[in-house]
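Mind having a look at this structure? Questions to follow.
Labels for the chains are A, B, C and D, by order of writing; each one numbers its residues from 1.
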Amino acid sequence: MDWDLVLGIARFVVATTLLLLLTIPTAFIIIQMELKVIALMQLRYGPNRVGPKGMFQSTIHGFKVLAKEDVTPDLVDRPTFTLAPWMVFMAAAMSMLVIPFAPGLVAFESSISVVYFFAILGLSVVGLLVAGWASYNKYSLLGGLRSAAQMVSYEIPLTLSIVGVVVLTGSLSFTQIIEWQLQHGWAVIWQLVGFPIFFIAATAEINRTPFDMVEADSEIVAGFATEYSGMRFGFFFFAEYVSLFIMSAITVTLFFGGWLAPWPFPAQLEGFIGTLYGLFWFFLKTYLFVFVAVWMRATLPRVRVDQLMGLAWKVLLPVALLNLLVTGVAVVVFNLSGVQ
Amino acid sequence: MDDLRRPGSPASRLGRRRALTAPAVAGALVRALTDRFPELAGTLWTDEDTVEVQIDGARSVEVLSRLRDDPELHFWYLADAAAADYGVGEHFEVVYHLYSDLHPAWLRVRARVDRSSPHLPSITGLWEGAMFHEREMFDMMGIIFDGNRDLRRIYMSPDYRSFPQRRDFLLPDDAADSSAAGVNPLERPETWDLSRFSEEVAHSIDPILPLGTSAMAPGPEAAEIEADETDADKSRPR
Amino acid sequence: MAVTTPGKQDPGKQDPGKQDPGKQRPALKEPGHKDPGAILTRDSGSERALVPTETSAPIIIPDQATGDALLREFGMEEHPKGGFHGLLEVIPTRADWLLDLIRANSLWPLLSGLSCCAIEMMSSATSMNDIDRFGMFPFRASPRQADVLIVAGTLTTKMAGPLVRLWEQMPEPKWCVAMGTCTTSGGRFKRSYSVVQGVDRVMPVDVYVPGCPPRPEGLIYGLLKLQELVKQRRGQWTTYVDRGPQRLAWEGDVR
Amino acid sequence: MTAVDPETRVPDPIELDRAEEARLHAALGVDLPPRPGDEYAGFDTVGIPDRPPQTEREAEIYTLDEGEMLVNMGPQHPSTHGVMRLVVKVRGEVVVDLDPVLGYLHRGIEKLCENATYTTVLTYVDPMDYLSSMHNEHAPAIAFEKLYGIRAPKRAEYIRALVVELNRVFSHGLMMGFLALDMGGLTPILYGFINRDETVELLSAISGQRMLFNFFRVGGVNWDVSDEFISRLSSWRSNVGRSIGDNEALITENEIFTARTKGMGVLSGERAIALGVSGPNLRASGVPFDVRKAHPYSIYHELEFEVITHSAGDVYARYLQRIAEIKQSLHLIDQIVDQMPHGPVQAQVPGIIRPKPGRAFGAVESPRGLYSVYAISDGGPNPYRFRMRDPSFISLQVMPVLMPGHLIADTMAIMASLDPIMGGVDK
């Protein structure tokens, strides 16, 4: 018997389970953060009754949603209506597999993890589109169509902006990209144009303010989730915040050195302490970006659909291509590539 | 209209030097009106800031368009259009209030409408914005404006049959204390399950109920349970 | 929850004279209503076919129900031993308690205002009077995700249909708060030809908040009262089987 | 698992419902609605009422061309500002036509007022335009005083002007918030409400009520202002500029906001006049029509102010118009407090007044425009006819004119810029 294979499968199963379990506290923490931070920005207290300083409010919300009646309206397309939230949530959860949290702490080590990540992340648009179509509700339909148009458009600048990093580092593996950054400094220094494109496109990709017209309250009630209740709505709700975490994590990994500390000595430690040290910096940086997203939500109004698409095709795409060209030329001319 | 655009125009300064109390201020307007409408001179009436003129309903479009387009009158703004009912056997009155920069007073035009055939030409050709006024008058008073292309009910639902603003439409004196308590006659019998409000009404309606009413034939068990709930609040849905 | 044994009452806890009428749950009417706590088995000798098993274990009865009248209130008059048996059933009852605690602390109101009171309802959600403190999340736009319908403002006959429809679209468990005198009784528009004289004519109401309009503090007080109701499972809390047939079409529908 | 005896099994109520529904449908000869597995009802066929159209316009809105769809916004929609229904005909995301359906808040206030004494009428009109209750009371007070032939004392007129300008400040401040909220900005509405709550607390200090103030009386006002109130007012006055400024900093220069509002929903001056639009919406289209200037009432002829206009006529101009009017109102409040004379605040008026038969028209400039009352007296204790003209009711006619060609997302922004209040629209 090939014990390596068995061990590999066992490791994969354990890691997947752990990551799926990790999504739950992650979503709770981010929801709590959003409740509290937006409240403070709006000169309110925010939740302060459940637990010390209201710390468990988001958990309570989550369990409440779990205990609600799960209504399936009469005229919906039942199989797809049931499937859609599951697809959205699994797309988010599965893309967590390749995120390197700390040295050696990655569930699925692959040399093409970047490709895997963006392939899986693209699946969630299918879930949203299906949810919008299956709900038999015009608001849902409009929300689903908007999400499809938006996410398909923003995939392109999103992917093009990271190709700059890939060309620079010469690798499609997140772990190797971080190791390259250990040698050369954070990629954001080399990709001053690529990072803003990535950040804007990522915000649009996960439907956060100011690009949240998929579930625009004031226009199309709750968008694709209008007819969803109970835990099926909970899956959408969770997936939104898990995606936010994932996008922040990928931003950190690609541009801000992943688990590396912001100073070179010691940017990275060995052994178990090193893992903790890496985890600390990784989560700190990730939650910093989550905070930025929450901040934007409290501040900015929403852009319109045509402005959103115009931004993607008329601004981000040409700039991303230009960035790619400049990066490629620079890599060849100055021989910067990680491929030695 | 161009002089309105300039904030410093005489039109916009007019208000500042005007004293309200003297009816004589309306003198220029009264003179202009008697010049142009000598047949209406007998109906002219003024108070401290209003000049009133009465016309026949059939003439309303003609008179109002002359009031609007005459350069010396220039009543460009339709401030209000309302209807009044003077009771059964009397007449309706449609009242237009107009505003002009050239004259300090409101102009009130009272158009008399026959109550037995309440027809009046629509003034939506003069002011588009009269549309909602006329729809409201149609809804509340039942006055029909000929030439209005959107004369449907605006407040009450399309299947409503009465005209609430008429004088012969009486409010229930105190509905909650009357014997009709619990049944508001307008609570849409065709959509509501009346058995929820009153048992008698439920027994009198047709046995074939439209969809959505609780026609679930109660079995003997249910009837038993119903029986000892005579004191339950029937006004609430179960 | 009170613990008692058959035929023996705990005088300290249960004084029938002190029963709060508001604590009585609505009687169970529908055939086939399932009491979530009752363990039922078939008994061929019985007319009603379903009776509880015989045990001599302590009986745990929700809301301090004692005496025949109270048992009847719970629809348990056929179950002389009540609905709960054995020690292990403490766990489900405690689970219910926990669930109620969770529900009470996470009441999402529906973003639905009818008239004047809606402004005070919004005011209660804003910085000066922040109901987010109590877990009343910023208002949900879709009725499918809401827990509380705050009827804020005069209900007219034209709006009654859509409002009942919203109520029916909300998933169980759900609660209704009537805010303002117009919704409790018609208020100053009671005599009007187009006003529903109290929203409780068309849907069940758990908490009435008087005032025209009530101050935001009044609404918050009402919602805190609702939290108490939720914790004690009083009010109009029903299970989904009690809904009755749903309307499918309304006048003026544009779907 | 014990098998369930079908004879003694209690049927599932949902099954009962289904069976009963099917039986009813069979009895009535109505088709069952499609179930999963049945033919899927298309989105393009549903939506048209099952009665013949009553007017040309109704036939027009409900006639769908290829690729068009009806979207029903309301009567319960997160941002219809109350209960209003907009039947929107869309082609994709582009609005082709729009029909406002009103009456979901029709409370019959006019009829109730005709059954109430003149004094109680002033309580009935409060909930009409519930963000400007002071103006709602001002217009009937003017009309009834004309009917009864009295005038309010000078100090009462100053207090009236003070409270209506305070009311205008918070009403316009909330409009800024609602406009931002309908564009997805969460925070401005909260800042607007902070300002509003402070202002209504201030007003409740003299009126005794927080929202529907019931402060005006025929021939005066209910309470005099005290020195304590004036000191509270001055502390409010020193804060309000900052709170409005905070809100402005969030919205006015925001690039997303300007990109979404500039050049959108342009209403020309001529069209606005023809449509009967009044108030800030009309002035934002460049027409300097302000009842306070055009037909001065109360003490406005003693105050220094100019009619503010903007020329663009778009959503952004309507927004800027409100900001400018807030500042103008603050300026007016300063003047009023400076010039306020001493004296009584209530004329000698009996509890039940019986004016001589006659007619009176009273108009004020409310935050939404020309708010007028036309009252007929027959000599009795009740008005024979009591008519209110609400500006937002008339302004709503602009929606079908402005909307075609815009996107669904703009529907709510344009409507928020018109600032209708459904309580006034539906009476």
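FYI, a contact is a pair of C-beta atoms (placed from the backbone, for glycine too) under 8 Å apart; a residue touches a chain by one contact, two chains touch by 3 or more.
Since we're looking at a predicted model, the values are computed, not measured.
Asks: Average the CA atoms of each chain to get its centre, and name the chain whose centre is farthest from that of chain A.
Replies: Farthest chain from chain A, going by C-alpha centroids: B.
Asks: Distance-wise, how many Å sit between the C-alpha centres of chain A and chain C, to the nearest whole number?
Replies: Chain A and chain C have C-alpha centres separated by 39 Å.
Asks: I'd like to verify one number: the distance from the centre of chain A to the centre of chain B, where each centre is the average of its C-alpha atoms, in whole angstrom.
Replies: The separation of the two C-alpha centroids amounts to 57 Å.
Asks: I'd like to verify one number: the distance from the centre of chain C to the centre of chain D, where each centre is the average of its C-alpha atoms, in whole angstrom.
Replies: Each chain reduced to its C-alpha mean, chain C and chain D end up 34 Å apart.
Asks: When you check chain B against every other chain, which residues touch at least two of them?
Replies: Touching at least two other chains: 155-158, 164, 169, 171, 211, 216.
Asks: When you check chain D against every other chain, which residues touch at least two of them?
Replies: Residues 16-17, 20-21, 33, 72, 78, 103, 106, 108, 111-112, 115, 186, 190-191, 194, 426.
Asks: Provide the list of chain C residues touching at least two other chains, using ranges where the numbers run on.
Replies: Where chain C meets two or more other chains at a single residue, that happens at 30-31, 111, 126-127, 141, 158, 191-194, 244-246, 248, 252, 255.
Asks: Run through the chains and report each pair that touches.
Replies: Result of the pairwise touch check is A-C, A-D, B-C, B-D, C-D.
Asks: Provide the residue numbers of chain C that touch chain A in the complex, in ascending order.
Replies: That would be residues 99, 102-103, 105-106, 108, 111, 126-127, 130, 132-135, 137, 140-142, 144-145, 147, 169, 171-173, 240, 248, 255 of chain C.
Asks: Taking the complex as given, what residues does chain D use to touch chain A?
Replies: 33-36, 40-41, 43, 69, 71-72, 77-79, 93, 180-187, 190-191, 194, 250-251, 254, 256-257, 259-260, 407-412
Asks: Enumerate the contact residues on chain D facing chain B in the complex.
Replies: Those residues of chain D that touch chain B are 16-17, 20-21, 24-25, 27-28, 30, 51, 54-58, 102-103, 106, 108, 110-112, 115, 146, 269-271, 273-278, 286-289, 292-296, 301, 306-307, 309, 311, 358-361, 363, 370, 372, 374, 376, 384-385, 387, 389, 393-394, 396-397, 426-427.
Asks: Which residues of chain C touch chain B in their complex?
Replies: By the definition above, chain C touches chain B via 27, 29-31, 157-158, 160-161, 185-186, 190-194, 196-197, 200-204, 242, 244-252.
Asks: Quick one: in the complex, what on chain A touches chain D?
Replies: Those in contact with chain D are residues 38, 41-44, 74-78, 136, 138-139, 141-142, 146, 209-210, 212-213, 216-221, 297-307.
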